[in-house]
Amino acid sequence: MTMKTFKSVTAMALALVMLVSLMTACSSNNSKPGDGKEQPGTNAPHSKVVIPFWITPQDTGITAWFRKWTNEFNQSHDGVEVKLEFVPQDAWQQKLKAAQSNGTAPQIAYTNYASIPMSVEEGMYAALDDYMDPKLFEDLYGNIKEIVSIGDNHYSYPVFVEPYQLLFYRKDFFEEVGLDPESPPTSWKQLIDMAAQLTKQGRFGLAVPGSGDVAWTHWAFQNMIGHFPISDDWSHATVNDESYRELFSFWKTLYDEKVVPKQALSEAWDIKPLAEGRVAMGFNGSWAIGNLKNEYADIADKVGVAVAPTPDGITEGKTTAALGGYALTLDGKAKNPKEAAEFISYLVAGDPQIMKEFFETSQYSKFSARQSVDELINKEPGVSDDPYRDIILKQVIPFAKPEPWYSFDISSIYGTALETVISNGVPVDDALAKLEKDINDYIKVHNYANKNPKQNQ
Amino acid sequence: MNDATARKGLSSQKLLSRSRQDAKTAYAMLVPTFILLTLFALLPLGMSLFKSFTDFSFYKTPEFIGFHNYRIVLADPFFRKAVLVAFKLVFLIVPVQFVAAFLFAHLIKEMSTRIGAFVKTTIYIPLVISGIVVGAVFSFIYNYQGGILNSLLNVFGIENQAWIADSTYALYSVAAPAIWQGFGYVTLMMLAGLLDIPKDYYEAAKMDGASAFRRMVYITIPNMKNVFIFIFISGVTGALSLYEIVLMITNGGPGGETLTPVLHLVNHFNNDPTMGYTVAGAIIMAIILGSFSAVIFRIVQSDKAID
Amino acid sequence: MNESRKARYIANLIGIFVALIALFPLIWMTISGFKKREEVLSFPFRFFPKEWNFQNYVDIIMNSTSFFPDGASFMTSMFVTFGVAVFCVIFSLLLNSMAAYVFARLEFPFKKFLWLYYMLTMFIPGIAIYITGFMIVDMLNMTNTFWVLTLPGLAYVWSVFFVRQFYLNIPMALEEAALLDGATRFRIYWSIFLPLSVPPFVIMGMNVFLGYWSAFLWPVMTISDPSLYQINQLLMFFKAQRNTEWQYIMAGASIASVPPIVLMLMFQKYIIQGIKLSGIK
């Protein structure tokens, strides 16, 4: 490249820079993200309270729902503007922490239940009771109300819940091998036997979570067998006992009998392998119902949903699932907590019709935490006939327990232990003994004993 | 004073003023980068370092806790294993990439101009493809049932292998895309280094009757030393910092066999309510990266490369 | 003559083979942009879509998907990201090569200390300085501007290092002659070293360009004005926790891959045989 070319390129570049800077300088309003103040140049006669509300990207229907009702609220509430901002999932924590660092954390955030208690310990979220009518919390189902409270205070209001695990199964494959499509397995032994019958070339009997997903999907099984691997006061490991031995052995048998693929065919939450017929049954969560109805509508009616099988085969009135989902939280340092809480009350705790619309857009594959909303939904023609909904509402959610709120590290340690049994052939007893030691070590190093914010509930 | 001494006296004076002038020029030319680095790299690092000795929270007043965060990180078997995994990856990725790129660069030199242009552009393309797409591509290749690799094996009657879930394969399954992605970049660097060597050297050696092999050992390699060092250090740093590819393909599994330090730290960033572990871990990684590179510098020392 | 013809023939063959392997994912990505969402990652593996669906590409360019926030536009984002990347390439190459020259050729007090100072920054992992870096740009009131996207990464010591290695190979003879003629060091840098820097500049330039072109985390953290969204940041709106709009990501990423590839096509010819030694002996 000659000197002349270089010079002309530099000149062009500088011109480009000036152009771009001018463009962006004029169009950007140069305010700090999340400022609670009015933007210069707008023509509001008095200062408006701006409330940033962050949420991760959602599907088309739910996105529209959030936009619509945020607008409705803003129009009907003079002087308050809730500013909806979508933040990409993969950068959520980084952007959130950055905003916390300069005091511009969103006043309202879309948060998952499990992360809330420990964050409350840090002061990250404010109790809603000072700003919301206590009656609104009475509308919540008992076990869900528990999830959002610490002691006598409530630190979030649910948007929805989604239980997992459920057993999804292909009725057509059941028929194919001579099994009754209306009698899915109810015990672990039955599950293994039926899976064996359903396994053939190119199709596995059962899909189970792969290595990356064991840590969280097993919360459902831990709820099922009755306790987490750590004691309620977080002082010692409770994993080296008969019920965990049974769980680990069950899991190992699935692989030994080759009824599950050695490597998960998809991520744990993905119903695709079942829909594609590469597996005959699979554990998944209630969200999969939405996927089936939207993307795999042509085989949706061939898929049955059942309560997850239990160790002893009793599925009536038993805990078989963990309750995941999202809630709205109020920032601990929110500048306008009263107005922010007003929005929360309006959007998710207010007129049941608004929430009914939310569930409608997701074709009732997400589930309400509020009794009044469910009453309204059940009146909708065709809804109460929905077999999926029936099972989940009557047999799963009422008995489901929360996801754990201790550090995810412990779940990782658990997941690794289970994987050593599957991938490295470590005997179950040894793995459990080591797991117990690892968890106890963790508790010691982190001084975890008695740190459970909810241990006296 | 005769002519010679006069000239000498003049030149030593010139030398002195030139070195003072040099210093001024040096500082002036360093100012922009110096300011930028201080402001946006070293200052934040210093702040992080400082905060790592406190229980770093944005909602409570931070308390000084000394080396507590560091102790937690170093005591964590996951972290220690992750560092091991990172070094294993270094030994898997760097030598392969290095040799393959070196050879391929030679190949490009031999190609006709048109094809060479085509190749130079296409090998660069894997870098353009974002991690999320790379992950999708390789999920197709490694899928247990119906994936490209296994389908190929099935043709030969070999049964499906668990490329991602089997601890025998997992690390290789992660190293392969890393090598594939970086290959183009390293090859181009090798090529630039190769082309930097004047043709005359080779002509002269050929005329003296030197074989191709001798030419490579005595001309190519010594002249490429500077580029080699760069490629080596950046390769090692890159392998030690592997994150997105691992996230997309194995997410650290099975059982932490492919858990790289950066992935481990990002997991903590996402899951911990406070920043203590993450920041201490990141600083420990910086120390590890820096020390390891310093060691490499010492070993691959050449009189032209080190100050 | 026959030998070199054969060698070239084989080289070409292998080259094309390798190039196709490198090209395949790009082609797959572009074709996937024409599929419906479920088709992209479906089994059994289908290379071509059942129906060629142009709607995805149209939707993205016309901003008619529901996934972009108000005020965000795909084409604007392409332009802004391009402007950012080009600005950064030019100034990064300039500033960092100046530093490379200084460290390669000049002697001055504190040189060792300064080199260590610079080198230290090569080994700082991003996670260590995301939050504190944000705090600084926030203090400087830079957030939500063109500058926060460009300035923080401009000084890039890997670039200094790489270019320096090339400068070390340039024979002293060239400079000595110029110095005797009374040229200043800066003049030597500008008129001798810069023109010779073309091959390393192409490589580092593409590296820097790609770095800014694919930037995601930093823009998300520092930019909330939709008109300033960087292209990768924008495409990530298609990814929800369990719901990735693969067809849009593939289509968008395919369009977004055009500028870097075109640039590479244009500049790869500058990686050529050095000519600096001819005539000097």
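Read from first to last, the chains carry the letters A, B and C; within each, the first residue is number 1.
What we mean here is this: contacts are C-beta pairs under 8 Å (C-beta built on N, C-alpha and C of every residue); 3 or more make two chains touch, one makes a residue touch a chain.
Note that this is a predicted model, so its numbers are computed, not measured.
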item	value
Greatest separation from subunit B - chain, by CA centre	A
Pair of chains joined by more contacts [C-beta pairs], B-C or A-B	B-C
Interchain centroid distance [CA atoms averaged], subunit A/subunit B, Å	36
Centroid distance [mean C-alpha coordinates] between subunit C and subunit B, Å	15
Junction residues of subunit B - those touching two or more other chains	143, 145-146, 269, 275
Residues of subunit C touching at least two other chains	41, 43, 131, 135, 239
Shared interface positions of subunit A, touching two or more other chains	94, 97, 101, 278
Subunit C-facing residues of subunit A, complex	1-3, 6, 9-10, 13, 16-17, 19-21, 23-25, 27-34, 56-60, 63-64, 85-91, 94-95, 97-98, 101-102, 269-270, 272-273, 276, 278, 287, 295-296
Residues on subunit A engaged by subunit B in the complex (per definition of touch)	93-94, 97, 100-101, 105, 115, 118-119, 121-124, 202, 204, 210-212, 261-265, 278, 332-333, 407-409, 412-413, 415-416, 419-420, 422-424, 438, 445-446
Subunit A-facing residues of subunit B, complex	57-60, 71-72, 75-78, 142-146, 160, 162-167, 250-256, 267, 269-275
Touching residues on subunit C, where the partner in the complex is subunit B	7-8, 11-12, 14-16, 18-20, 22-23, 25-26, 28-29, 40-41, 43-45, 95-96, 98-99, 101-103, 106-109, 111-112, 114-115, 117-118, 120-125, 127-129, 131-133, 135-137, 151-155, 157-158, 160-162, 165-166, 168-169, 179, 184-186, 189, 199-200, 202-203, 206-207, 210, 214, 232, 235, 239, 246, 249-250, 253, 257, 260-261, 264-265, 268-269, 271-274, 276-278
Subunit B - residues contacting subunit C, complex	18-19, 21-23, 25-30, 32-34, 36-37, 39-45, 47-48, 51, 104, 107-108, 110-112, 115-130, 132-134, 136-137, 139-140, 143, 145-148, 151, 180, 183-185, 188-189, 191-192, 195-200, 223, 226-227, 229-230, 233-234, 237, 241, 262, 265-266, 269, 275, 278-279, 281-283, 285-286, 289-290, 293, 304-305, 307
